[in-house]
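Here subunit A shows up in two complexes: once beside subunit B, once beside subunit C.
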Partner chain A sequence: MTTPAIELPHVSVALALRQTGALARRAVVNTLRFPQAWFPALFFPLILMTIFTGSFGAAPGRLPGFPPVRGFLDFALAGAILQGVLIGGTGAGAFFAADIEGGFLDRLVASPVSRVAILTGRLAGGIVLAVIQALLFIGIAVAFGARVQGGVLGVLIVVVLAALLAVAVGGLGVMLALRTGSAEAVQGSFPLFFALMFFSSAFFPRETMTGWFKTVADLNPISHLVEGMRDQIVVGVDWKAAGIALVIVLALGAVTVGASARALTRRIAGG
Partner chain B sequence: MHAIQRTFAVTGMLAWRAIILVRRMPSVFIPSLVMPLFILVATSGAFRAIGQLPALGGSSYLAFTIPLATVMGGGFAGVNAGMTLARDIEGGFVDRLISSPAPRISLIAGPLTAAAIRSVFTTTVVLIAGLIGGVGLPGIGGTLVIYLMALGFSAAAACWSMGVALRARSVQSASLMQVVVFVSVFTSVAYAPRPLLSGWLRTVADWNPVTRLLEASRAVEFSGVDWDTLGPGLAAIAIMLAVLGTFALTGLVQLVRR
Partner chain C sequence: MNEAILAEGIEREFKGGIRAVAGVDLRVETGEIYGFLGPNGAGKSTMVRILATLLRPTGGRALVAGHDVVKDAARVRRSIGVALQDAAIDPFMTGRELLRLQGVLHGLPRPEVRATAERLLDRVGLVEAADRRVGTYSGGMRRRLDLALALVHAPVVLFLDEPTTGLDPTSRVTLWEEVRRLNRESGTTVFLTTQYLEEADQLAGRVGIIDGGVIVAEGTPQSLKAAIGDPALIITPTDPDKVAAACEVIGRFGPAVSSPPGTAAVRLRDGAASVAEAVRALDQAGIATAGLDLHQPSLDDVFVAKTGRRLEGDAVEAAE
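Let's turn to the complex of A and B:
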């Protein structure tokens, strides 16, 4: 379908921020209203975290190369947060596609809403959900005996990284939604993330891997991202690891949000 | 035609129809083939070092993972049977079959047969991948045990998934079929042997029938056919089929009486 080119509305920054807030609120409420939207993002990471903890509890301290850690739950927490944000981000993209399928995006475009707010609203909604998710996961893990060695600052770093990852994944989801217009196609991107997670150090340390698998994990940005979160939990505040993770997530975000902004511009222009 | 002959004939036709969906709808079948291979490669690569723990005594973790991948492949084949049935219920094909003189039991037996055939195929693919990775076949008897355990779980998963499909009568119930199959496998000895499991997982794994299937399959990988583990494996299949077969049959009765 081609949409006639529409003159961009001129809105003040304050108004654009209010519109972003309203659209972010809608994204959060929309997600929370449908259990099928938030349940997988909570259930699968938590169940895998507990299963891995129950299965590999004997690994720390006994396996050569396994980094020193209080217990496997502490080690598994960062992977669970990352997995939850990836599932949640994919779901956010699918919701955006549903907005396109249902005509909501066309109504937004026909209204004087800031074009930037259409994108930032969705991404800000993803940030709110990622923050809730990360804090919830940390809370549950701590309740079951995990400790965040980095303390409040460590938690803050983990939450910030999770929020930025939500922007990067949300950007990709929005871009796919705008290009395909299909929620199914966006959901179909999750196996890619799932594969990226398994071929990384999200669930087990790189130090214990060998051969081509280790090479892939070394090159996989997810490894460095999850290690940036994990070090705050198992070691203490580690600015170097956090910095590497920050650079990776900002680079990913710049690419995906840039691509989604271009896709939105093209769609508005009827391209 | 004799009633039994007719049942076999219709079951065979429905199974064939489900099998040729592989060509018509590859998007349905390919994930069920790729996922066991993915599980094999990703799990054995990521957790390779677990094989160095005393409980595994330096055994190959790839060999340890093969039964997980074959049983999971059987599970996916079973879920496919439920999804196919749900789609047929939504599309009205099942209604047409019910109003025809086709034996009702074929509605379950057809997809069940297709799931069994698919599980044999995915098990073969996983075993070939294992051979490429350097894990040889555990002799004729051992290889048959691996096939049997995967086939048994595919039949159990198919009965579960069809029972759900017959009650929910919607493809949207696919996620429920998948989640239960996933969780039943992962809360067993999927990643580590029982001596290494701790906490609630150990308790759940002790009671989980999938544990017996994996242990029977793993025993032949490491020490040949072992009746001490094969017996509980066969008993677990029998119990799962009795319970889940009843679940599917009562769902069929409800659908027919609707």
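Let's turn to the complex of A and C:
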């Protein structure tokens, strides 16, 4: 098939922003009104955080190699936020697939909506949800005695990284949705994210790992991402760790959002 | 430019060489209601998707509201309203929220977004249900909301893909009235697809019958039916053994046509006026009749005449 010339959307930047806002609002409202969508993103990270904190509460200070932290809850918080964002991102993909299945995307595409807004609307909705989630988790952990050593600035860094991760994971979810057109297929990719997360330092420090597992965790970008968040909580504002995490999440985002934009263009053009 | 839709030799071939649309010419004047009638898989939806810029044709060209659907798709999108099969509606949003969202997406100024939503809710009779989630709506309400969503930007051409499939008769009639009113009051051109003969008959000023990706007949419902010819008279003799005799008697009034067992049928040469005469002739021949049917040609007959198959009643096809 010959690639057709990319048509310009003929939509002003101001209108595209307004459309993005409206679609983001819809994404957030849809998620909040559908408990099956937000419950897992809250429940699983919190339950894991509880289990790990209960099981390994004594690890800091007694387990050789464990980094010096105030308590395990402080340590576990970043992993919980990361996990919540991963689940939320899969949810964004599943919602997008539902839009394809149900015909909402067709309605958008057949109307003079900016093609960019179709994507940014969904991703911006993911940002809002990730920020709410990160703040909620931090609030809960602090209520149970955790402390963010980085203070307000540390919280801000964690939240920004979570928001950017939401874009990167959301981009991946949307790309999968566009490629498969099926919400089930997107949900089916979920265990992959989980594996990626468990083979990282999301829940335990790399210092206590051994052998090939440690090698995998060393190479896993998720490790550096979660450590970029965790250092703000357990150590204090740490620009170096934050910078590494930022580069990783931006690179991930560039790849996944780029891929989803291409998948969208292809779907619209090829039909 | 008087044509709302102008298509020349539109083709669409999918991967694997399936030609869903195999050379369709269309000319729909501004202000018309045009019905695209055909069975499932005839190429109706593919054609609508092409005209609504959702699918690129693999051959031919089409203008909608004067703009090329491929080269000038953005302008086409500004001119059209689209309500596709299976009302694409969020179950978790309310009718009012969805209408406002649609207004923003179309770039209406803020005050107008609200005013338009209220006006359209009123128009399709959803004011009371406006703040309920769409998930609680009936099928008819969803279709009416879907229609309202397609009208937010006052399109000049409206595409409705099987607007009443799956609706109960009452909801169907309500939707028809709404479409007629819209066409009458706003002069909106309506292009609708349907697999219901009655819908095409009731609603469309002109009908195109599509089968196997090509238009096999086109015209007003009246002219299509007239082209099929005269009404058929179907006689059920009280005594089944007299079918042949009855056939012979009524055979004087026109050529015999096929009919169910136990009946005799002819196409009345002189139209319905000769029914009385035929009955008298049967009486004189001593053939008592248990039943008498006058069958006016329907669009279904047109469909059978053009394709050799019935449009409605898959059971008939399956039985053959």
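Assume the second predicted complex is superposed on the first by the 261 of 271 C-alpha atoms of A that agree within 3 Å, B and C clash if a C-alpha of one lies under 4 Å from a C-alpha of the other, contacts with A are read in each partner's own complex, and residues count from 1 in each chain.
Please note the rule applied: a contact is a pair of C-beta atoms (placed from the backbone, for glycine too) under 8 Å apart; a residue touches a chain by one contact, two chains touch by 3 or more.
A quick note: this is a predicted structure, and the numbers were derived from the prediction, not measured.
When the two structures are aligned on the shared chain, A:Val152 is found in touch with neither subunit B nor subunit C. By the touch criterion defined above, A:Ala143 reaches neither subunit B nor subunit C. Of the two partner chains, subunit C is the only one touched by A:Arg33; subunit B is not.
By the touch criterion defined above, A:Leu15 lies against subunit C but remains apart from subunit B after alignment on the C-alpha atoms of chain A.
By the touch criterion defined above, A:Thr208 lies against subunit B but remains apart from subunit C after alignment on the C-alpha atoms of chain A. Common to the subunit B-facing and subunit C-facing surfaces of subunit A is no residue whatsoever. Subunit C contributes residues 49, 52-56, 70-71, 73-75, 77-78, 80, 82, 84-90, 92-93, 97, 101-102, 104-107, 133, 149, 153 to its touches with subunit A in the complex. By the touch criterion given at the top, residues 36, 43, 47-48, 50-59, 62-66, 191, 195, 198-199, 203-204, 208-210, 213, 217 of subunit A touch subunit B in their complex. The touching residues of subunit B, counted against subunit A in their complex, run 31, 38, 42-43, 45-50, 52-55, 175, 179, 183, 186-187, 190-192, 196-202. Subunit A makes touch with subunit C in their complex at residues 4, 7-11, 15, 18-19, 21-23, 25-26, 29-30, 33-34, 102-104, 106-113, 269-271.
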